Each structure stands twice: as structure tokens, then as C-alpha cells.
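Common to both upcoming complexes is chain A, partnered first by chain B, then by chain C.
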Partner chain A sequence: MNFQINKDILLNNLIIAQKALSNKTPNPALQGIKLDVLEDHLIITTSNSDIAIKLVIKDPSLAIKKQGSVLIPGKYFIEIIRKLDGLKVVISSVVDNMIRIEADRSDITLNMMDIDDYPELEFSEKIKSIKINVRTLKTIIRQTAFATSSIENRPILTGVNFKIDGNKLIAIATDSYRLSQKQIELNEVYEPLNIIIPGRSLDELIKVLENNNEMVELHFDNSKILFKYRSLLFQSRLLEGNYPETSKLIPTEFPIIIKFNKENLFTAIERASLLSSRDGNNAIVKLQLRQDNIVEITSNSPEIGKVLEEVYPVDEIIGAPIKIAFSSKYILDALKIFNSSEVTINFTGEIRPFIIKGDYDENMLQLILPVRTE
Partner chain B sequence: MEKKYRIIFHIDLNAFFASCEMAEDESLIKIPLGIGGSSNRGVLTTANYVARKYGVSSGMNVVEAKRLCPSILLLPVNFALYQKYSQIFFNLLSEYSDIIEKGSIDEGYLDMTDMSEEVHPVEIAEEIQKRLLNEFKLPVSIGIAPNMFLAKMASDMKKPLGITVLRKRDLAEKLWPLPIEDMYGIGKKTYPNLKLIGINTIGDLVNYEDHKKLKLVLGNRVKEFIEKAKGTDNRTVDPHRYVEYKSIGTSQTYATDIYEYQTVLTKLVSLTKKVVNRVIKDESVVKTINIQVRYSDFTQINRSKTLDFYTDNFFEIYQIVEQLYDDNQSDLPIRLLGVSVSNIKPNVNNFRQINIFDVSKEVTKEEKVIKMLNNINVTYGNKIIKKGIK
Partner chain C sequence: MAFDKIKETQPKVVQLLENSLKRDRLSHAYLFEGERGTKKYETALYFAQMLLCTGEDIPCQKCHNCRRIKNKSHPNVFVIEPIKNTIRKQQIIDLQKEFSKTRIEPGPKIYIIRNIETINASAANSLLKFLEEPYPETYAILTSANINRLLPTIISRSQVVQFSTLNKRIVEEDLSESGYSDSLSRVVSNLTNSITEAVDIANNEYFLEILDLVKDIFNIIATNEESIIIYFEENSSIIYQDKLLSDLFLSLLIIYQKDIINYKINDIENIVFKDEMNIINTIAMEKTKNRLIEELEKMLGLKSRLNSYINERLAYDNLLLGLERR
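Moving on to the complex of A and B:
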């Protein structure tokens, strides 16, 4: 194997490949980056137990002298390329299972790993696939994945449920204490689909997708999903099992509706959660709609102090005074992802879920469960 | 500057439950006495030293104890009494050091490093021992060592009323010849396996070279045990540790084995009630629920589940108890059942996050209660009725 390539092109691809590199793995081969040098292109492959990435590089700067396949210790390879000077880098395999990296005035040799240990990976592109605009896909993920569960108590809730019904795609995520749902319209009508993609895979995926109007192809079978975008193949395992039916859990009638300026509400809740002895930003904050139609946000930690914030709702208020308590983290997380500058909170009762919606966030809802303060 | 050597006391109340009874009634001192075992199937939790001379020991069943010592007097377990003496014990210890860790109801660790600069530690130990015996009739054994593990081992070496100093240079002579089952932390499930791989004494563990094999037996605690056996234990005496880790529980051995599923449930209900009442009395809420089932062949299982919220509600706790039992059912007749809870914290500001999947069933119920309370209060005057929770 022997080829030369523009250093930055290689580095940018390696940084994407790094997302699927394992640090802790029972299979040491997965700490390696696989390079396949073919007649006119280069393939970079990495994988861990959740995701696998394959990048096909065809670049004018790529000059291939000799074909071949190698497995290179991932961490060292990326760090070396990152730190190299010069525009070009030459990579070649030399005797005794070594790989040689030459650039500018550097000459580095690195022990190779045994390529026979690398698992066979199948990146299966199916005939049937779904096409989604990259920007839209990123938005769906950004607006749902944060609500997945981070604990493995109910493994299914660590994923985002993607459902297709006709030309509608619905994505749902919940950790049982809040729920995020986003619906979009697809360009075509597809067969029904119901899969659960691990939230962590999606977090990595949005890091490697760019923000433009190109299309991403989604290919899937029962156990995995493949995202195809330009020269990138990003594959994730799917979570097995049935996602709970959440549609019945989402209330449809709201006796109390209050509209807020998002920024005002956000900062008030943020300040109220400052004085909390609870771990992280998991402060309990109380929201009260007073008789005079001003909303009071309060928090109280006997050992630290208390906060009272007044927020003036925008627009008319529908419904009667209410007092409700919730974990500030859930509402702040939810408010962050709204594009609208005004949001409505729809309450159903003091110990029932409430829903946040925004005029400029069509077909998205954020549902939050309050806490009981007995 | 941090001192290099610390001086740690481990103080252990000898035959504690029996000693409490004898402290209350001096006439019991000279007669053989056993605690626990309300029926012939029961097990002694403690025996006094008179009874021990006959070969009676704690954990022994009542029939065996009566056979060895027909004149033995058996008294029922009386937790309130033990709590009282435990408090007396720790109050006295607190006169000597601020750094006290409760090991359990009847043992404590004291960091005596500071005080030992003025008085020789053995003199302090003698004074503590004498005072507990003279003022309260409580016999204790004291271990003095540079760390908690060695102090614990030392207090065990001479009972009752012993004072043992265990320095690092004494290990080869005093610690390593001891059988491995005497090592604190090695349970009765573990030591037979250690013996299988040729470890009979603590010294054998120190010298054992095949760490892979050892790992199979001790899991990821290999290093910890070897370090301890070598006399190293970096834990510091932590006054808060006991509070954090304590659990509330109760168990009962039944006079006849239980075969019927329904009977088991009835017993579990009554055990859970006992535990929940103690939790409420303690003004605490709990998160982890544990059951213990011992079968007629003495095999036993322990199963636990941690909720994602704290509770002191009987129904919520019982539901888990029953679920744990159901998930682990066996055909064997049951000899003993136990229920315990841990992960305990004080019941202040107990906010409970509502779960989306429980809204319909739970909240509807609760809303009815709230509505009813409101109606009553509206009709009969403000706050005439409220929930029995703080």
C-alpha cells in the first residue's frame, strides 16, 4: 500500500470516522481504523458495538501508487495526522507490519494491527429507502434525541422512535418524565415503518452531517439502519422491542393556556433553579398563575435561600389560576429547542402533564410531567 | 500536615443483645441466656458467655441450644432496649473523639490519633472499657491499629473484655496465621471457595500468586482484600457512612415451612407493614427494596429493586415486594422470609417526579382524594382535614 493525499482532506475524514472508534471494547481490533486503498479511491472504516462508519474518498489530491488494506491504531493515527505540518502526506506500508507516514520533514513509522482480526462489516443498502433533507433530519434529531433516557432501566427508552405513516414521519422520545414529539412531511408516500434508533447513535450522526439541503438516504432492515449522505455511510444498530404507545398519553384538552415570551420564561426559570441543593440543574421550581394574571416562578431551598420571579404572560390567559411544580431541567431542555420566540404552555392539571408549543415550531410538542410536592 | 500514622479504635460490644438484658437485670448475669428463638424453629441471635461455655453460639437453632444447655433461659428480641444501650454506648464514645463511625448497632470505629498525642492509646482504651463496664455493665473488646480493617480484626482477637494492639509489624505473627474465614469481609459463601484454591489462612492470601484464579473467587475486590491482608486500608473513619448505608428490615423464620403462595403473600404483607411502619416512624423515605427467601433446604435468595423515586408508601413498597417474590418463585417450601429497605433519606421536601406511564392510573386516584379533601374542607371549614404527610 502506498498513497499520497492532501493532509486536511484525510484529517477531516478521520475526524468523522473517529465518531465510531471504540476506546473501550472487548475486541481490540475495533480500536483500529481500517484503510482500503483501491484503484482510484480510498475507504476508511471504523466501528463499535453501536455504530459503523464507512467513508469513500475520491479526491483530486489522492495519488495511489500501490493498492492494499491495513488496520492502523486509530488514536495514534488521528493524532499524528492532526499534528503534521505540510500540505501533503504519504502513507505506505513497509516491512515488519509497519506503516510509514511522511509529511514535510516528518517521518513516522507506526506498528500496524492485524487486519484479519477486523470483523466483516456489512453496509447494506436496500432498494427501498427513504429520502430526507439533511437539514430536516438534523432538526428532527436535535428536537427529540435529548429527551431519550440516559439510564438503561428501560433500554427501549434510550432510543428515538421513528414512525412512518404514509408521507408522515413522526419521531418520539421520552425518558418517562418528559416527551418530545416531532412530525414532518416526506416528499413521497412510503410503506409503514416503526423503528427505534439509539439516541447516542443519533447524537453522533448529527455531528457528522452538514447543514444544507442535500438528501440523506435511510436504508433499514430489522436490526440496523444505514444513513447514506454523500460519500459517508453511517450505520447504527436498532433497539429491539416495541416502543410504548404514547399517543394516548398526550392530553388533547387544555383548560389552562398561558403564552410566554420564551426568553423571559427561560431566564426566570434558570435563575430560580440557581438556589438548589439538588444534584445538577435538577432543581424543583414552582410556577403559579396568580389571580392578577401574573405568573410567579419560585424556588425554595431552606438551607440556601429562595427566589421569586415574576413573569408577565403575553396575550390573554385562558383558564383559572394554577400552581404546579416541575424539574427545571426538563423545561429548560425543552425551551432551548424552540425556534419560536413565543411559546404557549398548555396545562391540564396540577399533577398532570403539560405541553409546550410554539407558533413557528409546527408539528412539534414538548410534554413535561410535573412533580408532586406532598 | 497529615500525620503518617493514624490510631484507630474498633470497639465491639460483647454479646450485645444478651449484655443489654443482663445490664437491665443483674440476676441474669450468672445464668445461661439466649436471645431470640421464640419457637423451636427459631435461631439464637446472641448467647451470653455463660451459655457459650456449654457450646451454645449465636446463629444456633433453639433445639440444638436446649440440647447443649437444658437450663438456658431464652428471651425474645427487644430492639427498643438495644437501641437504648446502643445510644448510651455511642454517647460515651463521643466523649473521647469527634470522629466516630457507627459500624452497626453494637460496634463503632473511633479515630483517636489526636487524643493519643497526650495519653497513651492503651490507657484510653482501658478507661473506655472500664467505664462501660462499671457504669453501664456493658462489656466491650477494643482493637487498636493504624487503620479500620486492622482495628476490626484486633477487636476480634480477644473476647470478651479484650484490648488488642495490632501494629503492622505484628501481622506475620498475629494476623496471617488466622483462618481465612476470620478475615473481615470474607463471607461464608466465599471462604469455602478460597479453601478450594488452597487459601486456608490470611497469610495464604497474602502470598497467593495466581491473581487470575483469585479473581474468579473474589471478583473485582481481589486487590482490596490482598491490600487489607497486607495491613493496608485507606478508608478513613467517616461519621456519615453508617447513616448513608443503613437499611431497615425484618425477617422471620416460620414454625412450619410455608407451601402456599397465598400464605407467603400474607406473610410478606405483614413483614412489609412492619418495615414501612419503622420507615415512617423514622421520618424517612426509601428507594431500594430487598427481599430474602430461605427455603427448607437452607438455600436462599436475596433480590432487590431500586425505584426511581423515594417513598414511604406501603402500597408502593409492597407492590415491589410482591413483584420481587413473583419473579423469583420456586417450588421449594419456605422457611424464612425477610423484607428490607435501603437507600434511605430523611423525609423532607420529598418531591416526587410523576411518570408519564403512571399518570392515568395513579393521578386519577390521587385527584379524587384531593377533590374529596377540598370538598370536606369547603363544607366543614378550612383545613379540617389534610393528608397525613408532612
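Moving on to the complex of A and C:
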């Protein structure tokens, strides 16, 4: 193997590839970056077993003298390339399983790893793929992945359920106390599909995608999903099992509907959560709709003090007075992801789940379960 | 690792696994049970190769999958080993986390848990649930040298595969041929079934010292000339240096005790310490059969407790006082 390339191009690709590099893994081979030098392009592969990234580099600055494949210790390789001077870097394999990196006046040799131990990652593209705008895909992930469970007791809830039904794509995430659902329309009709993608993989995916209107191709099979964006292939494993049926959890009739200014509601709840009897993420606040149609947000902690916030609904209220208590973290998380400046909260009862919707967030709903306080 | 020898040493096991694979009647969980040195772990890896091999003569040992299983770098094969003599809950949780996701490479996923008898209670409960609801195309292989220490619920959820004990004579003859004395070879061959392990024990610098200690203890019991506790206190420091030596000491004590019982029931053929006949005779005459068996039970009980955090000195003193009692 022997090739020369522009240093910055190589570095930029390595920084993307680093996202899938693992530093703690049972398989030491995964600490390596795999380079495949082919006739006219270079392939960089990394994986931490949950996700894998493959980058195809075809650049005018790439000059290949000799083809070949190597596995290089990832951490050192990236740091070396980062610190190098000069515009160009020449990388070649030399005797005794060493790799030589030359740039400007530096001459570095690095021990290689055994490429035989590297997994066979397939990155297989299907004939028919689903095409989604990058911005839309990022929105779907941002609006659902936060609601996945962070505890591993029920592994299936750490993922986001992607369902395709005709020309609709529905993404659902829940940790069993709250649920986030987003639906978009696709340009074409696709075969039905129902998979669960680990939330953590999606968080990493967002980081490597840029913000623009290009298309991402989604290639599915029953054991993995592949996202193709320009020359980047991002592959993730899926979660095994069947996602719980969530459609029955979502109430359909709402006797009480209140519309708020999102910002006012958010800050009122945030202030109330400061003095809740339970601290941090578990802060409980109460919401009460009074007879005079003003909403009270209260929290009370006998040892510290109490908060009373009045919030004026922005529209006519439908339904009778209600008193309900919920986790402030869940509702703040949910409010954060709305683009609308006004949100509607639909209640079904004091101990029944309620849902939040926004006028400018079509096809997205947030469901939260209240807590019993008495 | 000598994979080629598995077929010779455990032909029945290999046959069983081959037939199940051929007839597509694989169990989702196997429990490989057999004494130490019977190549349970090697067979587990061999079985993993059979399931994942892409070559023609399964397992071919040549294809990429076979090679990586041998190097323990195949992403579909997970091995759990006890950490500090215990399999902990976190290890089982990590395993569950791994298996809740789809496979990395095509083919089945396999997990191997070595020395499953060392699993602690909370880890065992997590594992049970996992064994009960297997994901499709996953196989479990548990290995154990002592099936009696396992939860019955773990045994009932897996297919038990018996590994036959290697012939003691082979180890004994091998050692004699390598130049060790006949009596030494006989003792060591009763401690282990693995030839390499046997050579290790015979070469251990403290082995002869411990052997003498054991012989002296029974000598004192027979003659009753001095206090066994005081003698033991003065001479036992070597066995506390290392758990391995302590284990060795207790194993030798057990072999000797079994010899006395064998003598009592006239099974002279199976006596290991042949050159200690006089002492064995004296003790056997003095104690009743029931008492000898009771004492042996105490030793075996202590042996299984030795891996836990116990006060070894007290445990040994207690045991020896029991032997000395008239």
C-alpha cells in the first residue's frame, strides 16, 4: 500500500470516522481504522460494533501508487495526522507490519494491527431505498430520540421505532412514562416495515450529517439499517424484538383543551420546578385550571418554600376545571422541541395521560403520563 | 489450541453436536459438564466454528470465521469468564445488552460462559430470564466442572452434555515416562485430568513440601504423639501464600482420606498413597466407617467454600481438630 493525499481532506474524513471508533470494546481490532486503497479511491472504515462508518474518498489530490488494505491503531493515527505540518501526506506500508507516514519533515512509523481480526462489515445497499431530506431526517431524530429510555432494563425502549405504512413514515420513542411520535409523508409508497433503531446510534448519526436539503438514502434489512449520504455510509445494528403497540395508549377524546403561549408556559414550569420537593430530574409540579379560567402552576416543598405561577391561556378554554401533577422534566423536554410558539395541551382526566400538540408541528405529538400526588 | 485433539478426547460429544447440527435439532442452550481438563471450553469454540464455518469440511479451521473464532475476535461469539472467581451481574447485563441488538455479521450469535458454577445469585437470576426467552438464532454454551453447585433452574433450561473423564492411567503413565517417580505420578494424576496441568503441578516448587505436610498430618493422627494444631501452626505457612496452594493442600487431604475409606472397605486396588499403607491401616482400624465419611464430607464442604471469602486458618484448624478427636 502506498498513496499520497491532501492532509486536510484526510483529516476531515478521519474526524467523521472517529465517531464510530470505540475505545472500550471486547474486540481490540475495533480500536483500529481500516484503510482500503483501491485503484482510484480510498475507503476508511471504523466501527464500535453498534455503528459502523464507511467513507469513500475520491479526491483529485489522491495519488495511488500501490493498492492494499491495512488496520491502523485509530487513536494514534488520527492524532498524528492532526498534528502534522505540510499540505500533503504520504502513507505506505513497510516491512515488519509497520506503516510509514511522511509529511513535510516528519517521518513516522506506526505498528499495524492484524487486519484478519477485523469484522466483515457488509454495508450492503439495496435496490430500493427510502429517500429523505437531510433536514427532515434530523428533525425526526431530534423530536423523538430524546424520549427513549436511558436505562437498559427493557433494551427495546432504548430505541426509536420506525414504521413505514404506504407513503407514511412514523417514528415513535417512549420510556414508558412519556411518548413522542412524529409522522412524515414520503414521496413514494414503500413496502411496510417495522424496525427499532438504537437511540444512541441516531444521536451519532445527527452529528455526522450536515444541515442542508440533500437526500439521505435509507437501506433496510432485518438486521441493520444503512444511511447513505454523499460518500458517507453510516450503518447501525437494530434492536431485537417487537416494539410495544403504542397506538392504544394515545387517547382520542379530550374533554379539556387549553392553549398556551409556549414560552410563558415553559418559563413558569421551569421556575416552579426549582422548589419542588423532589429535586433534579424528578421535580413534580402541579397544574390547576381555576374557575376563572386562569391556569395555576404550583410546587410546594415544606422545608424550602412554595411557588405559584399564573399563566393565562391564549385561547378559549374547552372543558371543566382540572388539577393535575406531572414531572417537570418530561414536559420541559417536550416543549423544547416544538417549533410552534403556541401549544395545545389536551387532557383526558386527572390521572390519565395528556398530549401536547402545536399548530406548526403537524403530525407530531407528545404524550406524558401524570403522577398521582394524593 | 489443539482443536484437532477434541475429536479424539471427546468423540461422543463431537458426534452428538454434529448429529444435532445435521438434523437441525440444536438446543438453544448447552451445559458442558465434566472434570477440569476435559476440553470443555475448546469444544465450545469448536462448536461455534461448526455453526459459523463457511468452508466445506465443517469446521474447516481455514475460513475467516474459523480463524477469528480461534483468535477470539469473531463479533458474533461472546465469551464470559469469571472475574476474581465470580461471574458478576454486570457481566450478564452487558451480555443481555449485546444480545438485544441484531447481529453484526451474518449467521447465528453464540455466547459461552465459562465456569458457570461461579455465578453469584443476582447474576444467576438475570441469566435465567435470558435463558428462558432466547432470541432467534442465538446459542448459549455454559461450561462447568461441578454441576452440583448449579441452580437446578439453570440445568433444567439447558441440554446437559457430559464430558467423559480422561483416563487417569494416561496421565500417570505420561508422567512416569517423563521421569517423575511412580508414587508422585500416581498422586498427581489424581489431581487433574490435563497432562499440561499435571506437569505444572509436579513442577511446582512447593508441591513436595505440601505433600509432606499432608503425610505428616495423617502420621500424627495415627501415632497421636503430638498436638496436630501446634504442628500445623508451625508448618502450614506455605499453603496461605496462594489460593492455588491452599486448594492443592485440601485436594491432597481429600485423596488421603478417600484412601483410608477405600482401605476400610477393602478396595486396596484404588489406594493412591500406596507407600503410606501402615498409617492408613492404623487410622482405618481406629475410626468407624461413618466417622471417616463424615470427615470426608467436611473436607469436600470446605473445598467448595474455599473460593468464598472465609478465614482459611480457622477453617483448617476446625477441620484438623475434628480429625484428631478421639
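Keep this in mind: the second predicted complex is superposed on the first by the 365 of 374 C-alpha atoms of A that agree within 3 Å, B and C clash if a C-alpha of one lies under 4 Å from a C-alpha of the other, contacts with A are read in each partner's own complex, and residues count from 1 in each chain.
As a convention for this text, a residue touches a chain if its C-beta (ideal position, glycine included) is under 8 Å from a C-beta of that chain, and two chains touch if they have at least 3 such contacts.
Because the structure is predicted, anything quoted here is derived from the model rather than measured.
After superposition on chain A, the partners chain B and chain C collide with one another. Applying the stated contact rule after C-alpha superposition, one finds that A:D117 touches chain C and leaves chain B untouched. In the superposed pair of complexes, A:L169 makes contact with neither chain B nor chain C. When both complexes are overlaid on chain A, the residue A:P353 reaches chain B alone and has no touch with chain C. Legend: residue contacts after superposition of the two complexes on their common chain; A:I337 is shown touching neither chain B nor chain C.
Once the two complexes are overlaid on the shared chain, A:L21 sits clear of chain B and of chain C alike.
Within the superposed three-chain model, A:V70 lies out of touch with both chain B and chain C [touch as defined at top]. Legend: residue contacts after superposition of the two complexes on their common chain; A:R372 is shown touching chain B, with no touch to chain C. If you check the complex, the residues on chain B that touch chain A are 308, 349-357, 359-360, 363, 366-367, 387, 389. On chain A, the positions that touch chain C within their shared complex are 26-29, 49-50, 114, 116-117, 119-122, 152, 155-156, 198, 222-224, 237-241.
Against chain A, the residues of chain C that register as touching in their complex are 64, 67-68, 71, 73-75, 78, 93, 96-97, 99-106, 135-136. Across the interface of their complex, chain B is touched by residues 153, 174, 176-179, 244, 246, 249, 284, 302, 325, 327, 349, 351-353, 367, 369-374 of chain A.
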